[in-house]
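The two complexes that follow have subunit A in common; it is paired with subunit B in the first and with subunit C in the second.
What follows is the complex of A and B.
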């Protein structure tokens, strides 16, 4: 089994920082992933997406404190540490989103009264919260796979920005995010491309917000993440 | 990598379930559904195109297939739950054989019948608590040793190494292990002697080393005289004549996972010379 999965996916010719203008629709920036790089955790992965890079470690299924144990499934914990400073409310909210996504796919009923802990460390941050969330989701999924935790599907995180004339840009740079009127982050599974989690910020209509189910480019680009 | 790309390409085309036979030896990812091969009716002894009458003509008979690690039953299909290569073993008797996913893991999950190396962590009354690397410590009764009776207790202290097998290991109960086999004989199990070195490797390496045709162990045996115990929980105990030889053996076994057989032979020949 390969311990290192180094994936370079460039859908269209891209420069890393996205200084060249990209067409609307399906194009992701350069992303890469490496697994099994830490010796202590049961599974680890590092995910680099554009300018954002997150290191994830998974411990489990391991012992759990009696106060936290659930009698019929595994207790999933997510800890997100920012690059500088102490974790605050934003980290707690992202931890909850990532935990809910992981709980939806991990087969916790196979390991009752155990704990599965996902620790995420932000290594480099482009300054955008939405990008970070997508990168954390991808790193968490790769680390869970490396640890051999049984899952019913894989999931990936992808960010998109809606600018003022309604065009959808996938994987926006920080500059595109600031100028956009809405930034949306989605987590999709690989079985039926269904939506697992969405985190949105900004102003958009219902029709635009149902992009994950109707927009073909979104699932296709995010599916390339599973190469 | 090329195989992974073709897997992804199929997924992009539309996630249809694939036949298990067609995916053997290839990388599978969680979420994939595999179709089981169906049993074909054997031609009857009638010869000239006669087929035996089946009572339920509509239903097709299915082969009884065992679902191994990494796979779950999902209706009449197999759902993949771990990333790895799909393997199949033909059955000895009737039935469809075993399907499983060869995946890499560091964390051990207790399985009934596995022989493991445990470390005694506590002694409470009649039971020892043994750490086997899983989510819970296993319990070992003092009567589960060869020749042990209530008056003749085994000499086991906290911190000792135990080689035993699981008799109870499921997700709902605390694992229990014993150091005797079903006939009451030790058969190599029990307290592991003094000295030596215990170290941890991945579960995949242990399975590779314990395979019947593994050359690594034969070559290591020719190098130095040694005692070695493999636990399915990823723990190996090694003892050689001197501490230096023990450490060399431990390093070789840990490095074996990532070396090709040529590199290994080079290292062994260099060690044999010195």
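What follows is the complex of A and C.
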């Protein structure tokens, strides 16, 4: 399971801290997904990871405003709404990250001059921004699949936290995130297991940063998210 | 995105059905759709499903300075958002009318009825009070937003727990949830909105209209009531003129409905409290069905099949015998075959009818006959294209002569594109439109 390691970053088997003990290989908390739960959007999905839950709705390919139309591909729009208050800068930056990820996999050239809108609503938030981003990515992917939007690959979002002693913890709880030295969120595609997007917060060395994407168990855990 | 317009036939169908006391989903006139309430892991979070209309409600609190003219009262803030996933027409700039109307109605229902005791939200008079903020998000629009939103708001408020505060002289201590259990809000009563849709200038009414019924309704009457039969708000919109006894009747119906809904809410709140106390699992994850198919399913509906046999026999007796089917195809050339003879134009005299009807009639007729002869081997393209033989001119309205298939079968083979042909039994020239051809 941990054969190929390029650094001394270890995957630690998770025990305690409120969650059930996790095995070393698939150390993600319980997650669930439900598709096609809304009648109006073309595709919808609800993704729950631990205590974070996001509902995604997709409309598309559909009519686009002339000001936003692109002549040779579809215009992808991502809207993220928080549960409390008005959307702010953090939401805008997450929208951009999710949009870039979606644009990399969605075959927009099959539907030029149309718009594909992904609307994300935070249903419950455990307080961790990184966990929320991963959950949004997963919900967006499942909703795009439900809407039948042509994609070249599926993608998923995974969060991991680097401890002060360099231990890598997958899918950290909010407490672990607060105590971690660095928190990294990755979006991976399922065809070539390549990195689509990464968003990191904190201090970590170059080798430690490349370890998650090359490490076997991270893609394996994330592939267990795909049905 | 622009709202998809409702077609005339759909409108007529709905109105006719309502006149016959029939609703599309099989409900009775005074029936509500199924209400489902689920709670999240944190306090004050709930999702209410009224049929397919789904609203997410979240209550949060904050310590702020009070308003200058109300120094001893807490602040209530309501915000209903029509999320863009609820309907394709809900775009940021477009929904202001409906949004303002719903928000205002919600405020009148909850704030002006004084269902929450704002005096109890005061911590230090004139300096610190609790601001309770209720955020409602409409997730799916299938009609009757206001009812679902009012239920979600009151359920979320009843479910919410604010941090405990103790004041000792000048010292104010705010306890975290770990130190002391959070306390619920002080709620006097639970106002719930009930919507009545009126059709045909007030002749027919429906309770809890769904999205289609809302589109064809003349006006809407919303009555907010609590279980003690006290009316908190009444609003009539749409310009319908109602009689006094109509309004009284509606308020009686509302009383009955509110009692039922309040009971449902109480049960849901009790269930959630019990689960939390017993340490069981709670939250949205538990309300998701496990390993069950939930998409594309419909609820059972009872159908009365007692007179089906009689009706079927009647239809069979009155129907004409089916015409003989010619099953053998006639092969004109490799790639062109014909089955049957086609039918007469059943749209009537095209010369006198309107231009638009003409367009549809002629083209539809053309399609029915063409599909008999079309083969996937040869590409059928416009007659207006450059390679086709110039038999027909470019003018939009001109009677075009249709060739017989046996006159030039060789032409079809040698040319890269084929000519659309039609074997009209009486060689009557059929009017065609170039526009329609271009679409094909």
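Everything below uses one rule, namely that the second predicted complex is superposed on the first by the 199 of 227 C-alpha atoms of A that agree within 3 Å, B and C clash if a C-alpha of one lies under 4 Å from a C-alpha of the other, contacts with A are read in each partner's own complex, and residues count from 1 in each chain.
Everything that follows uses one rule, which is that a residue touches a chain if its C-beta (ideal position, glycine included) is under 8 Å from a C-beta of that chain, and two chains touch if they have at least 3 such contacts.
Keep in mind it's a predicted model, so treat the numbers as computed, not measured.
When the shared chain is aligned, subunit B and subunit C each come close enough to touch A:62. Contacts of A:104 after superposition: neither subunit B nor subunit C is touched. Contact with subunit C, but none with subunit B, is seen for A:32 once the two complexes are overlaid on the shared chain.
With both structures placed on the common chain, the touch criterion links A:70 to neither subunit B nor subunit C. By the touch criterion defined above, A:84 reaches subunit C but does not reach subunit B. For subunit A, the partner touching the most residues, choosing from subunit B and subunit C, is B. In the superposed model, A:46 lies in contact with subunit C only, and not with subunit B. Contacts of A:119 after superposition on the shared chain: subunit C is touched, whereas subunit B is not. Shared contact residues of subunit A with subunit B and subunit C: 36, 59, 62-63. Residue ranges on subunit A touching subunit B, taken from their complex, read 1-3, 5, 36, 42-43, 59-64, 105, 107, 110-115, 145-148, 150-154, 189-192, 220, 223-224, 226-227.
By the touch rule above, subunit B contacts subunit A in their complex via residues 1, 4-5, 8, 11-12, 15, 29-31, 70, 72, 79, 81-85, 102-107, 109, 134-136, 171-172, 204, 258. By the touch criterion given at the top, residues 1-2, 40-42, 45, 47, 52, 54, 56, 58, 60, 81, 83-88, 133, 135, 137, 139-142, 283-285, 288-290, 294-296 of subunit C touch subunit A in their complex. By the touch criterion stated above, subunit A contacts subunit C in their complex at residues 30, 32, 34-41, 44, 46, 48, 51, 53, 55-57, 59, 62-63, 79, 81, 83-85, 117, 119, 121, 123-124.
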